[in-house]
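In the part that follows, the structures are each spelled out as structure tokens.
Look for chain A in each of the two complexes below; its partner is chain B in the first and chain C in the second.
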Partner chain A sequence: MKGGPSQEEIRRHNLGTLLRHIHLRGPASRAVLAEGMGLNRSTILALVADLTAAGLVREELPRDTGRRAGRPSLVVRPESTQVYALAFDVGVDRLAAARVGLGGVVLDRREAARPRGAFDPDEVVGALVGFARRLVRKAGRDSVCVGVGAAFPGTVRQSDGMVRFGPNIGVRDLELAPVLARRLGLGLPVAVGNDANLGALAEHERGVGVGCANLIYLHGDVGIGGGLIVGGRLLGGAEGYAGEIGHMVVNPGGRRCDCGSRGCLDAEVGEPTLLEYAGLPADAQAGRDAVRAVVDAADLGDAAARGALHRVGDWLGHGVANLVNIFNPEMIVFGGTLRDIYLGSAAQVRSRLAVQTLAASRERVKLRTADLGDDATLFGAAELAFAEVLADPLEVLTRLRVPGEAPLPAPT
Partner chain B sequence: MKGGPSQEEIRRHNLGTLLRHIHLRGPASRAVLAEGMGLNRSTILALVADLTAAGLVREELPRDTGRRAGRPSLVVRPESTQVYALAFDVGVDRLAAARVGLGGVVLDRREAARPRGAFDPDEVVGALVGFARRLVRKAGRDSVCVGVGAAFPGTVRQSDGMVRFGPNIGVRDLELAPVLARRLGLGLPVAVGNDANLGALAEHERGVGVGCANLIYLHGDVGIGGGLIVGGRLLGGAEGYAGEIGHMVVNPGGRRCDCGSRGCLDAEVGEPTLLEYAGLPADAQAGRDAVRAVVDAADLGDAAARGALHRVGDWLGHGVANLVNIFNPEMIVFGGTLRDIYLGSAAQVRSRLAVQTLAASRERVKLRTADLGDDATLFGAAELAFAEVLADPLEVLTRLRVPGEAPLPAPT
Partner chain C sequence: MNLTGRARPVADPAGRLVARSGLPTGASPRWEPPVTPLLDVRGVDKSFGPVQVLHEAALSVHPGEVTALVGDNGAGKSTLIKCLGGILPMDAGDVLFEGRPVRVSGPRDAAELGIEIVHQDFALCDNLSVAENMFLGRERRRGLVLDEADMERRAAQALAALSIRTVGSVRRPVGSLAGGQRQSVAIARAMLWGSRVVVLDEPTASLGLAHAQQVLEAARKLADRGLAVVLISHNMNDVFSVADRITALFLGRTVAQVRASEVTHTQVVELITSGRVTPTL
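Let's look at the complex of A and B:
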């Protein structure tokens, strides 16, 4: 139970809030910022001056001038090409990396397919480091990397980024964060997060869930992951493992799951189950395209594909109904392969909701597909990477920039 | 994205935080408060002076003086007999009310059994108002009631306290808050909350879960309710309906539930199910004592009672396992009749946890019974009633007290 903040803490908070505003909502005039933050114009002027001197924002004429008469107001823009984060996304089938500028602009990206099978940490870290080298080489010499974030399909301990368990990718107790940080050699720590948690964050901050404080994101890769936004914040739980919705048992005694249990949402709705129900041979091509092919076939009237989506969608509906009763969310977002699976089985999901949820809890819930598509998890990793500079911009830049290289305001 | 607070907002925040500290943790010296709140002693001195002038706290010698040499420090105490809240608890079998002093002291209480069967709002409100009259009559003439809270076994809309659905007590769309407020005639609004949510709040603030930021409270009355503390706060969801854990389907196609669905935790674990499995005739005595009798019989070796607890405990374990995977909580608290049911079936619950949760999520979770016993929901209603005065002490008192009747500091 802490007392109120000091003047210096308030200034740092305000600098972070202003930068966050520009980062998430885009360029804005000082008047708009004053209104949005409930601060007077002279305070905003001082904050913008500090952030400008630090090289985080600049003021310039808006790009759509000429429409209105009179002199247009300057807008405060993020220095997107000068201040960037590195984002990595480890998927079961894919590795991706991006250099993302302040403001969420993807400046450059790299991507490669990953063969399924045994997970070789050296190989994966090596590939990510290779991506990073090429991304950093193309950045301007006076630009600065303010953070590194990585999405991983497993449970991740919040305190140190240790990957505890990733059954779909065959990983247990992997020290990804320190190994990747060391091999990157950027002098920056790496923040690692569960892929679905980061997908939830991205859809909440930049996707279909902007402005929605209570949102559940369900992510299909091979298995099913979940990320929970409650009261506007990502739910981590005691150690960061919250959101393992894929291992909620919906069908006791049902299909065996890689986690060792039976009847988990993951086992009843995951990719291998859908493909098996659709009658595809066990050695058939798997992955995102295979899931899409089943949904397309169902659209064209294929009975096996329809039956498969019906069965899988019914269990998906069981899971979603439980979540609606437990969380009273405003929105459920289906991402990754669940985007296609949901679109092909929405009737089953909705019919389970109608029967298995309390009327009060379901009457306002919206079911939506992810806006950011396959990149939700990568964008979420970028947001994780930006978190520190948005919390305390000057402290982070002071630490990263060699004194004299870029002007920084003296602390007041 | 709001900017930092003004000086006046900081002062109000600090007044509330100090009062909350005293209210929840008990009397403390100014030095302890300065340390705990991270403020300097002169700021604490001013805050204590304001709260003392408002009649909310007083400073006096600690009660255990004489043990140590030297002059003991004064401690700041809540004015428990002068500043109180009214708390109501509507249970399926019981109505209870208490006058609770600042600091959480029960000054006086009333309780009556309630026959099961049709819910008559007039009768229930009449009984609560009768309790309140007797409680208020015994309060000192210069004391002040700062809030009224009520716990109800149903889903409650946060915005206006409307009870949307209480299947175990036979209620739908009941305007409890305004009706009770009008008939009490105290000039105060009534804050209504779901009973299990308020039980969670009470166990988190005054019970077994003090200091535990991620806690799940499971409450057994006739059915099963839940309350979720995440990141130190009660999870309300979009409209306050979150925590309907009793209507999570654990056994698809299982026992019919009063909500209209099948296989809900409520239906598989609730009191009628336990009593039926234990072989009690349908017209036998029900209620808390009947549940305890089954648990006692099982302890003495009764095979039917043991079998009943085994079956019910197994489904309880299914539900708890799902919650551990979804929330990664630090603690699960079993309250109401679930206290006894859990004690009689802990082996089943633990064995489901061992099989159906991820190792990372379960390795630190503690399973506990409620400290506050049958009064957790009543104490939670009191905390709900105190919430406003703890958020902004002087504003609330200025509104409630006729000027001149008690000294109030002028706003600075």
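Let's look at the complex of A and C:
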């Protein structure tokens, strides 16, 4: 039998809440924190002192004082250059890595194009480890890496980060997390998440969906991915595979999908379909730039490009209408290449919405484009990496600050 | 009657979606928030000599929303906007601001109400910097001198708040900017000056894709910050991508004021080209 939470548990919870507030909403004075967290000022003082001692935050005079009378109050700032996480984004066409400071500041980043073709785990992991080594080497000597997160375009098992299936990149049952953690040699586990799920998280916490508890993020890369924020939390389902919006069937018996089914949203709206409708030869250049080129051509009046966007936008509208009826979201966010596709076919998308959704479900839904652009998934990976330190700041810092540990990844 | 629970735009016997007075007559069961429009103009008549351009035109705009004003060339969109901005006097018509009747008899009246019109030529000074343009006529001072650092910081903040990333330094002279960047500066200026209603007249016409997309997103963000935005556009994708409401003008009359979520592309095109809509979808 266990009674209420212990003193220690309450303190841990409060430390995490305060650090999360500073991490997500930026520097704040103790008075603002006290009001925001509903705690009295002396408790806030003690919590800030603990976090300062651990090197997670510091207090200083505000930079923008204005011209008000009196002594300005100190603001609590995250130690962004001292405490950081490593974030990786594996895309079909690019690999990206960043050193992200507490507070969500990108301190340094590396990026490389990835040629399409067979997926070679060794090659991808090798490239990511190479990025990481350069990022960590540039970090200050006394700075500390508190977590590693990676976004991957596939279904990811929540319990162990196993990538089960990534049809667009050609992967089945890939043990990415343990391999990456071993090769990095930082003594830290690697958290892996589905790219669109992490994009949803990032747009919800730092992008256009801040303050919006029910949000659906749709991500366009080669295929279509999705992430659902329901009641302020990412919907994972039983094993973490939820949100595979790209494999919702919108056109029974329609185009063949890489997943084996027919008429999935992915197959009707994905990049190869748009390019084919626009009359581009199968061996033409693909990728984000090719999608933008179609939207651009449509904007300039090209008939084939307009027709392609019409058809694709109509199927996208079918998908969005189903989502609105099922989830009654407050906001739908179009990210990746879907931003361009939505802006170029909004008339079709919203016409479907007007006809195929229940009036009560659609009257408040906002359709928006992503704020974080192509980096939504990378930011999401960083949030995943920070999750542990935000849950128990002092324990994690004490463990990581053990002297004598090599801060650099071991050479391989 | 509508038994499916699905609100279909209901047309009156003349085939019009709503009344000219600006109040929807469709007997749809949808719930509307009990809010007064921020700006409500009704019964606007305007003639140029023997040509009557506006016949009892109406337009309601709400805070936090983008209202698209659509219509064919010569439907009276620009004339209505010029009346609203006090540039042209109305022959008849009422203007309500927050529910109170007001008079707009000159641009100064409109400016005092917080109505900012961003024209297609957006009245920027080429020889001044981005920041100087944004504070033109309202320069901030520190003692006797201009507080340039403060103005530059605020200008940069306004651009960042609207996710306008392509302008570069706020010290750049406006003359060196491309059309889309100039449009963005004009929009950010409206936000900085505490405007309440911002009218964008064909903002994406003649812009390249990247700039047009950015201008649309900035218009959306302006509304999401609580301003009322009026977007005049011919492009149906522009209208549907950001608008909450659509007001259609046909031969000088307002033939529909509807929520964008209640109409289809085809219906809006019909309203523009024929002033009426077939009730079945």
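The rule is short, and it goes like this: the second predicted complex is superposed on the first by the 397 of 412 C-alpha atoms of A that agree within 3 Å, B and C clash if a C-alpha of one lies under 4 Å from a C-alpha of the other, contacts with A are read in each partner's own complex, and residues count from 1 in each chain.
Everything below uses one rule, namely that a contact is a pair of C-beta atoms (placed from the backbone, for glycine too) under 8 Å apart; a residue touches a chain by one contact, two chains touch by 3 or more.
None of these values were measured; they are calculated from a predicted model.
A.B. asks: So, does A:R77 touch the first partner chain B, the second partner chain C, both, or neither?
C.D. replies: After superposing on A, A:R77 lies clear of both chain B and chain C.
A.B. asks: Thinking of the overlay built on chain A, is A:L358 touched by chain B (first), by chain C (second), by both, or by neither?
C.D. replies: both
A.B. asks: Between chain B and chain C, point out the one touching more chain A residues.
C.D. replies: More residues of chain A are touched by B.
A.B. asks: Is A:R311 contacted by the first partner chain B, the second partner chain C, both or neither?
C.D. replies: neither
A.B. asks: Go through the superposed model and pick first if A:R206 touches only chain B, second if only chain C, both, or neither.
C.D. replies: In the superposition, A:R206 touches no partner, neither chain B nor chain C.
A.B. asks: In the superposed arrangement, which partner chain does A:R288 touch: chain B (first), chain C (second), both, or neither?
C.D. replies: Neither partner.
A.B. asks: Which of the two partners, first being chain B and second being chain C, lies in contact with A:H23: first, second, both, or neither?
C.D. replies: neither
A.B. asks: State whether A:D299 touches chain B only (first), chain C only (second), both chains, or neither.
C.D. replies: second
A.B. asks: Given the touch rule stated above, what does A:Q348 touch, chain B (first), chain C (second), both, or neither?
C.D. replies: So A:Q348 only meets chain C here.
A.B. asks: Does any part of chain A touch chain B in one structure and chain C in the other, and if so which residues?
C.D. replies: 355, 358-360, 365
A.B. asks: Enumerate the contact residues on chain B facing chain A in the complex.
C.D. replies: My answer: residues 1-5, 9-11, 13-14, 17-18, 20-21, 24, 36-39, 43, 155, 157, 164-165, 213-214, 226, 228, 230-231, 233, 235-245, 247-252, 259-261, 318, 321-323, 325-330, 355-361, 364-365.
A.B. asks: For the complex, give me every residue of chain C touching chain A.
C.D. replies: 5-7, 28-31, 153, 163, 208-209, 212-213, 216-217, 220, 236-242, 259-266, 281
A.B. asks: Considering only the defined contacts, which chain A positions touch chain C in the complex?
C.D. replies: 64, 292, 295-296, 299, 339-340, 342-351, 353-355, 358-360, 362-363, 365, 367-369, 371
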